[in-house]
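The structure follows.
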Amino acid sequence: MNARATLWHVFGWGTVVFMLSPLLILVLFCFSKSSLISFPLTGFSLIWFETLFARGAFWTAFENSLTVTGTVGVVSTVIGTMAAMGLSRMRRRFASVNIAALTLPVMLPPLVLGVALLTYYAGVGMKLGLHTVILSHLVFTQPFVILIVHARMANFDYAIVNSARDLGATPFRAFSSITLPIVRPTVIGAALVAMALSIDDFIITIFTIGGGNTLPTFLWGMLRKGVNPSVNIVGLILLTVTICASLIALRLTRYRG
Amino acid sequence: MIRLLRARGLLVAPSWTAFLLIFVAPLVYFFVVSFWRVSAFKMRPDASLANYIQTVTDYNASILFTFLVALTIAVLVTVVAFGFSFYIRFKVGRFGDTFLFIVLITLFGGYLTKIYVWKTILGENGVLNSALLSLGLIRDPITVFLYNPAAVVITLGHYTLPLAILPIYGALRGVEDTPLRCAQDLGASHWRVVRDIILPQCRIGILFAFTLTYLFAAGDYVTPQLVGGPYTSMIGVLIQLQFGFRFNAPLGSALAFTMIAIALLTVGIVAFALREWLRPRG
Amino acid sequence: MNGKRPISPLRTEVRVSETGLVRSRHYLPLTRREFGLGAAAAVGAAAVGLPGTNASAATGVNFMGWQGYDDGINVDNWLEKNGIELKPTYIGTNEEIIAAASAGGVGTMDIATPAEIYLPVYRAAGILEPLDLDRIPNYAGIYPEIKDFMPIDEGNTVIGLPFVWGDVPLMYNAEVIQEPPDSWHALTDERYKGRVGMVYDVMGIMVHSPLAATSTKTPTRITQEELDQTIAWLIKIKKEYARTVVPSYGELAALFANGEVVIAPAWTPTAAWAGEDAPKLDWVIPKEGALVFVDIFSMIRDAPHKDLNYKILNHTLSPEAQANTANLNLTAVTVEDAVPLLDELPRSLYHYEDIAGWFEKTGGPYPPWSTEQEGDFLNYDQILQGWERFLQA
């Protein structure tokens, strides 16, 4: 192995360590006995899980997160998949323009979207609540659904759908018994990505929720007071949910780069 | 035919409705508000440039600082992302997919979580200091890790790296091996191959990675608050302040649109420079 | 919502383990299994798109305030026993309540806990409900010294009940600084250069700094010139004397504990938070005076559960709720009958034997910030502009 190759390996492994070690540290200190997040560890215990799980506010936030994420996952997937289907049968150039426009919300810093939505909801007299959070999440999750499903539809063979239609199937029937079974893994994968993005969102949520907590805003309340292992556990929950969703999504959609 | 078109249009309609009602309309309204003013905690319609004038006169130092920090992050992250993508595409062979996988698993989550972990790592009683102490490498905790602009760069860099790797690696995958080998057989140096064959093919991916990172860093307000210490005067923090503290949505709006305008201008300059630099040479 | 320095006195999540004082927290009696059912129900509701379905028999009351106050008033599970499910939104700054109320919160929010010094701002925003004292018999038990400070609305109505109070004295490491400092100017003492602590607490800083940097006796009524002097003084500390500026008093406690910081303005419980292994921490009220804050319980205009809110508001002034809150959060009580119920530490932190004398020594509570310019005196927004200058420096 020459020096150049060694350098490359040091850099590559260094990057992996940089990316991963914070997450490992997060997990490790969930089980620490001490309230300090520092070495050496004085012992392991589950006390911080008990402390956290005994708090009613945690479960309320958890429930709100499930409500928001579940609703966003369903709605975003339905409208995003519909759009991807429609776009995939349009002319390529026209579809690209559509997709570029619909993807704009992803490029905008979340802070700007959050404060713009807050001002807008107040301006039109809409009361804030979980419903405004759900609406707000749609706008930055549906681009991912559209992109993922559209990529799958690009090499979808419409001939079978057309033959089904020729044989008298209604459009809905053709969709539910032919198109959907073929693209179902991709659609589920897209839904999981949308849910992962939604459950982790903090900035847009905190501006549009009005009252109450989701897990990220609950975490925010905790970590402003300094650090202790209970905070790690909320972080771990969020990270586990998003990683699992991403893993399954990557597998289902066979997404590679 | 017309029926078909209408059906396709109907399929796209819900997405466009959501996009127009929950994205375009709020931004247009928000932009209009930037010309309004506030009195007694209520917004009053107006057509004044006062908020923009105040943005330029009172907040120029923060704007400059923000874009220096964001530019640092975006350049570092884009370079590392390119290096890492290059490494897994050309240097590690069949483990490439595994490496990519490891780095991408947190792509869709972990925003607050990652900031929080960095705070616990870099703190004075934190993981890094206590590890160095117990290894005997240092005698007293090093206090300079947390609460400075470098901590902001590290924390945001860690969060945005997967976002930057994805488009660059996607572009690198499209680079075919054959022309590279031909060039090398013909005696081209490594650098010539990278510069004249690989980079031009990844230009869009690189620009995309840079833009995502840069916009995100310029607009963030949580990281500087939590790990920036005295150096928190990033524009995102001040935008947020107008909403959380001063109920001055018009001024906050002017700050936000000024930030976006400067960010787009920077991205435009970078796009132009990249194109000039990577123009195929004869 | 904003962590910018969001810390005003009461963030609390009191360290259960470190002080050993606060074991007696009250938790919702929710078993793991019940939760499992709840989670399944939530997923089901989510799947059909029904946000916020609430199957519970208790009435949900929306509370927006400092974390710890909700636990405090839930003494002996008082809330559940009265069929109330308190739905808390925790705040990091007093302004968040105004922001939430004016962004559509009026009509859905019930109860909030602003600081007394912000009351005119809340009033100008028109978000508070005048209170009918006939429905709050416990009001009679409040220390007269504290009652005197409560702003009265036009029409002689009260818009908030004093719930806890506390102060932000000058705290120092007594092992390093043997002679107690007597002035805020100790923060610019060359001997402590680089070891001064600061917290992004707009209420604390913008009260004691004018006292230190100008000759004013009323730090909430300052002129532009006095504000400029104050900001210059603050920037000097931040740039030349401060070790760092941290977002919360919890983090300041950690800095004291490991000796990074030897002197800082600090909310009183900070010393207890630093832990037993920390250097000995002591505190003084400097001769210029100090912030005394009073956090109050208010009802938001058009609150949906008025009757229940009155019940809760009256309960907040019961000796049991008062003492429980103080024991959990190390704050001070506003009701005299609560003092005998206090644990030793929270009782020792405040001068219950002579509250009037203590207020005279600190100079506070000072008059609340004004929303309108009064003669040469700046309004609240102008003071915040100065604060932004400090942040940007």
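We call the chains A, B and C, going by the order they appear; numbering starts again at 1 in every chain.
Quick note on the criterion: a residue touches a chain if its C-beta (ideal position, glycine included) is under 8 Å from a C-beta of that chain, and two chains touch if they have at least 3 such contacts.
Keep in mind it's a predicted model, so treat the numbers as computed, not measured.
The most distant chain from subunit B is C, comparing centres defined as mean Cα coordinates.
Across the two candidate interfaces, A-C and A-B, the one carrying more C-beta contacts is A-B. A straight line joining the Cα centres of subunit A and subunit C is 35 Å long. Per-chain CA centroids place subunit A at a distance of 18 Å from subunit B.
Within subunit C, the positions touching two or more other chains are listed as 1, 3, 102, 247, 254.
Residue positions of subunit A with contacts to 2 or more other chains are 118, 207, 220. Shown for subunit B are the residues in touch with two or more other chains, namely 123, 125, 221-222, 226, 240, 243. Interface residues of subunit A, counted against subunit B in their complex, comprise 5, 8-9, 11-12, 15-16, 18-20, 22-23, 25-26, 29, 36-40, 78-80, 82-83, 85-87, 89-90, 98, 101-102, 104-105, 107-113, 115-120, 123, 135-136, 138-139, 142, 146, 171, 193, 196-197, 199-203, 207, 216, 219-220, 223, 227, 231-232, 235-236, 238-239, 241-243, 245-247, 250, 256-257.
Touching subunit B in their complex are the following residues of subunit C: 1-5, 93, 95-96, 98-99, 102, 121, 124-125, 200, 202, 238, 242-247, 254-255, 257-258, 260, 371, 381, 384, 388, 391-393. The residues of subunit C lying in touch with subunit A in their complex are 1, 3, 6-7, 11-13, 15-18, 25, 27-28, 30, 32, 35, 38-39, 42-43, 45-47, 49, 51-53, 62, 64, 67, 70, 87-90, 92, 100, 102-105, 107-109, 247-248, 250-251, 253-254.
The touching residues of subunit B, when paired with subunit A in their complex, are 4, 7-12, 14-16, 18-19, 22-23, 25-27, 29-30, 33, 80, 83-84, 87-88, 91-92, 97, 99-114, 116-121, 123, 125-127, 129-131, 133-134, 158, 161-162, 166, 169-170, 173, 211-212, 215-216, 218-222, 226, 236, 239-240, 243, 249, 252-253, 256, 259-260.
By the touch rule above, subunit A contacts subunit C in their complex via residues 35, 51, 53-57, 59-60, 62-64, 66-71, 73-75, 118, 121-122, 125-131, 134, 206-207, 210-213, 220-222, 224-226, 228.
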